[in-house]
Structures are given as structure tokens and as C-alpha cells.
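Would you mind keeping the following structure in view while I ask a few things?
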């Protein structure tokens, strides 16, 4: 059976999709009606939201190389990756939704919930890969331990995002701050992921 | 003659086009006017339609590696691939058309008809590749049998899509369900494609 | 000096730009207000125009592998390629312009003029490559003859496009037919390009 | 730690993002209401602005191969590259902003300021790469000298862009001319970068 795409091809395709997702978001940024600096200031919150979405979107690129750890891509991994890409592809929609609703509590909660779904589908993908790694003949204990540490970190991220949904009803900016924290955590890969040996 | 692109390059270009097609569809999703959960619910059918189009669009990536089976790309294969990409590129338009027309019978029938044209052009591409494989000097009986099984499955898919056009006049959701069935069938590649030996 | 990108990288980047150009054009296709088949018919001319632009855009992919014939990319080739990409990137704008102006004589003439500029900048790129090939130490007479034949064909295409601008004032459809003829000519690469040997 | 993407992968991803950024800008070009040549002339300034942004965006492709000079990508380089891509991704927004504000002094100053931020983040990236090159075991004196010369040129570019912000209040076209000068300077890579040996 030569059906499945190779890990590197799945990764290249996923990178292409992610590159388009994070870049088309800028099309939703509309020039303000008001002239001068005062007009630009009215767009500032939207720009801030775009900044968060851009970095949230882009960080997946640095981590789903996890697929590379596999010898081949089977159907479960393929489905898990596609479901992950689907939730990620909703990022421009929910970013725009939040901007249109003036970043109120409900819109931030919904935005964070979409980040949560993306993170959850990524964790499922991680679990699938980890399970296959442990059953593979080339099972490297160090790689498996690293993989397990990443899954732990992913679960902590999910907990923070669930908390962020609640926090956005205390104040929208608190919800966004918690979501930003998760993005920053992932850009410091060694944080919370112990080296093995 | 060094005119034709290599199979791997044709594939990489096609992947790029597919990545853009499935991702720009999200730009058609507009934030609802109404606030809160009730507003989001009004977008739910559109989101469902986007979900179907996303997975329908993406599954081609997993299957047109069929071009890889060729030694080189001749003009018939090139044209067949471009016509296939053209019909696929209409997916965002017909997805949006269906959403704008509130997913009524006619719009679903037209949407399914566009899927049918895409599937048909893909089947033509498959036939072209199969014909070349049988005439090539490296003809591998197993590969040819697999190829033939895929063509059979493609023809069954076409029959289901024709049926789906009719079903969308019984009820739009029936037409969409039949279209979704075809997508799911292709994500289970072994289903309906017998192994050879 | 390690400044210049490699030919393969320039080509990969150009392919990416072309993939985005031809695919985002579909975003300009708007769902018709009128319901049913009559509504769809009002979009038919726009769809026809999109079809022409899609194939015109895509055919460059099959031909600018010409850059591959070079050992390295110098600044003249780099500039020539970027100017070519710039004119090609205007294709969605002029396609949309023609559709908005109901495909009248002036809009078709302008559209064809933009195709002419794209073709002209491609011919300049071809000439630059040909000149470098003849001066290279690995100069292969067959490759050079093929290259020269392609330049001749490109010049004939320019002549047809100039004619097409005039024809669009006789009738818009004549101008478009002549433009379509050029696209078809290039999809039959052996037509008008004699083999050498 | 197998966390970091390879230099070639970071570069391929960055190229993808840049290809999308420069190409989606054309979607902001709207067909003029007025018919005929007079109508097209009203779009001419916007087209000019698009031309500048297109070449400004594209030139990064020819220069950030600088990442290739590294053995591996660490987190500082990763962050520096992402911040650079973020500022570059705002190019379509500020291009559109300037067009909507009829290219007045303030909008040109803001546009040039966004180019300055992009150039500044690129210079930071260059500095990070240079610092790593000098500390690497394969430190090649010629490569390091070339790298240092590029940093000098980048700093001169920053000075011109700061000047351009002021000039745009003398006359908007002066500000744009100075910004265009920087783009042209970078397309002549040997200009201002002395060869070593």
C-alpha cells in the first residue's frame, strides 16, 4: 500500500496551510475612517489581537515536526493532523469575530475556546504519534521521554486555556493575557520539558 | 525535449494550489451581526458547509500522489491535472454560493455538481495515468491492479455524487450527507480497494 | 559572493507566488443576487473570464523552468524574473476589472494589454537566459537552439496579443479568443518549436 | 534537543509567508467606478504604491538566505525571524491604509515607519546571525566580513528610512522616493558591500 503521504510531505503541506492562515488574517485589518493618529489608535486593539493570532498560528510550525518522528503516516495520524489544521484554519474567523465585537467578554471566550480546540486536536495528534513511537522497532527511549514531556506540557496549556475562558468574563484582557501566556510558553520549548539524561 | 515539469514538481505546485484553495475559504466566513451565542448559531450552518469543503478539498492531497507513479509528465497528464485544479479552485465560490442561498435545494445541487466535476476530472486524470503505467516498461502488476481498483472506487464515488444531486431536492441535508459520505470513503483508502496478493 | 538565490529556489518562490495569484482570483467571484439557474447564468461570463485567467496564469509554471537552464542567478535575471512576477500579479486585478465593466471593449483591451506586458517581461527574461547560456562554458547547441525557438514563439505570441487589443474593439469576444489562442499555443509546447536533431 | 526547525525549513516557511504577503496585496486593488481610461488613471497612484510594496516585500526573499549561514536555528534566531515576518505581514495593511488616505503626508510617514520597523527587525536578525557565526567553529573570515558589510548597509538603510519619514511631511512623493531608494539599493547587492580579498 503506497497510499499514505510521507511525513515530510504531510509536514510541507501543513506548513503551506499554516503560512496562508496566518498571512490572510491581515486582509481583515481595515483602514480606519478617521484620519491621523487618532484614527490609527482606533485600530490598535485589532492590531494587538492580530499580533496574538499571528504568533499563536506560527508557533505550530515549530512544533508539528513531531510528525517527522514517525516512519510513515497512517490514517489515524492523517485524520488527527487534518482535524488540527481545520481548527487552526478557523483562527482568522474568530480573530475577526472578536475584533468586530469590540473584544467583549463573550467574543474573547469564544476566541480562546477556538484556541483550546486547536490545542486539544494538537494534543490528540501528539498522543497518536507517541503511541506509534512506543510501538515502533526503532523506539529511542530519549525521544519517547521527550515526547511524553511535550504531552504533559500540552495538557498544562489546555488547563490554562480553560482557565482563560473563565477569566475573559472577569475582564477580556485577562483572558487574552492567559492565551498569550500559552503562546509564550511554547516559544520557550525547554520550559517545562525536562531533558532526559 | 525538456519541456515537461517533473512529477514531483507538478505535485508540489498542485499542493500549493490546494493549500491556498482550502484556506482562503475561511475569508468568506463573516462575523454575524447579532451578539452572543444566538448570533454564532446563525453562522453554524455556514461553518458546517465550510467543514465539508475543507475536508473535501484536502483529501485530494492524499491521493494525487498518483502522479508520482509516472516517470515523466506528458501534455495529456499536464492538461488533465490543470483541468482538475481548475474545478477544485471553484470550491470556495460554490461553498460561498450555497451559504448565501441559505443552503436551499438548488444551491446544494449546484455545489454537489461542482464536486462531481472535480471528481470526474480527477477520474480522467487517473485513467490517463493508468494508461501510461500499463504502457511503461517498468509496469508493475501490483501497482497497476491497485490503480485499477482506485479507478473503480472513483467511478462509484461519481455515482454517489450523481445520486446526491437528486437527493438534494428531497432535502438539502440528504444531498450534503451523500457528498460527505464520498469524502469519508476516500479517507478510508483501503475501503473498496482490494489489496493485490 | 553568495548573494544570489539558487535557480531552484528562485523557481520554488516563483511557483509559490503563481499558485497564490491564480487561486485568489476565485475570491473575486461573487454569488449572484438572483436565485436559481437564471442567477447563475448572470455569473457565467465572469466564470469564463476566470477560466481564461486561471489557465493563462498557470501556464507560466510549465515554462519558467527556463531558469533551471542557468548555473546561477545573476542580478539581471533576478530583476527580469521579479518584473515578470509583478505583471503577472496584476492578473487578478485586471480580470476583476473586466468583469466589473461587463467585459466591454475597453476593459478587454486593457486586460489583454496586461497579458501583453506579462508576456513581454517573460520574453525579456528568456532573452537574458539565452544570452547567458550562449556565454556559459557548458553551452549545449541543442539546448541553445531550443531556447532560440522558444524566443521566436514568444515573439509570435506578442504579435497575436497586440492584434487582440485591436480585435477587442471589433468585438470583445474576438479579443478574448485571440488571448485564449496564445494560452492554448503554449500548452502545446512542440507547436512552433522545431526539434533540433 | 530536536526542537528547532532546520535553517532550510525556516527559510522555506518564511518564503511561503512572503509569497502570500506580496500577492494578497493585489486583492486590495479595487476596480474604479468610472469607465475608460480616465477611470483607470484614478487607480494609477494606488498601482504605483502597490508596485513599491511588491518590490519591497519581495527583496527580503533574496537576502534572508542569511539564515542558511547558520548550522542550526536557536530560539533567539527563531524569535527574531518571526518578529521580522510579523512586521512584514503588516505591509498589505499599511499599503492599503496609504491608498485609502489618498497618499497624504501622515499616511506615507506611517507606511515608511512600518518599512522601518521591518528593516529594523531584519537588522536585529542579521546581528543575531553574525554573532553566532563569529562564535561557530566553522567561522570563515570572508563570510564574517561579508556579513558585517551587510549589517553596515542595513544601518544606512535605516537612516534613509528615518529621513524618509521626515521627507514625507515636505512632500509625500519625497518620502516614497526615499523608501524606493532603499529597495533599489538592496537589489544591487554589491553596492556598499565591499568584497573581501
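Labels for the chains are A, B, C and D, by order of writing; each one numbers its residues from 1.
One rule holds in what follows: a contact is a pair of C-beta atoms (placed from the backbone, for glycine too) under 8 Å apart; a residue touches a chain by one contact, two chains touch by 3 or more.
Because the structure is a prediction, the values reported are computed rather than measured.
*Asks:* Hey, what angle do you get rotating chain A onto chain B on C-alpha, to the nearest 5 degrees?
*Replies:* 90
*Asks:* Taking all residue numbers used at the chain C/chain D interface, answer same if over half belong to both copies and different if under half do.
*Replies:* Different: fewer than half of the residue numbers at the chain C-chain D interface appear in both copies.
*Asks:* Quick check: how many Å separate the C-alpha centres of chain A and chain D?
*Replies:* From the centre of chain A to the centre of chain D is 27 Å.
*Asks:* In whole angstrom, what separates the CA-based centres of chain A and chain C?
*Replies:* That gives a centre separation of 38 Å.
*Asks:* Residues of chain B touching 2+ other chains?
*Replies:* Each of 12, 16, 20, 24, 27 in chain B touches at least two other chains.
*Asks:* For the protein chains shown, what form does their contact graph take: line, ring, star, complete or other?
*Replies:* Graph shape here is a ring: one loop, exactly two partners per chain.
*Asks:* Every pair of chains that touch: which are they?
*Replies:* Those chain pairs which touch are A-B, A-D, B-C, C-D.
*Asks:* If we count contacts the way the header does, which residues on chain D are in touch with chain A in the complex?
*Replies:* 1-5, 9, 12-13, 16-17, 20-21, 24, 27-28, 75, 78-79, 82, 85-86, 89-90, 92-93, 96-97, 100-101, 104, 106, 110
*Asks:* Over in the complex, which chain C residues touch chain B? Could you list them?
*Replies:* 12, 15-16, 18-20, 22-24, 26-27, 29, 31, 35-37, 40, 51, 54-55, 58, 61-62, 65, 143, 146, 187-190, 195
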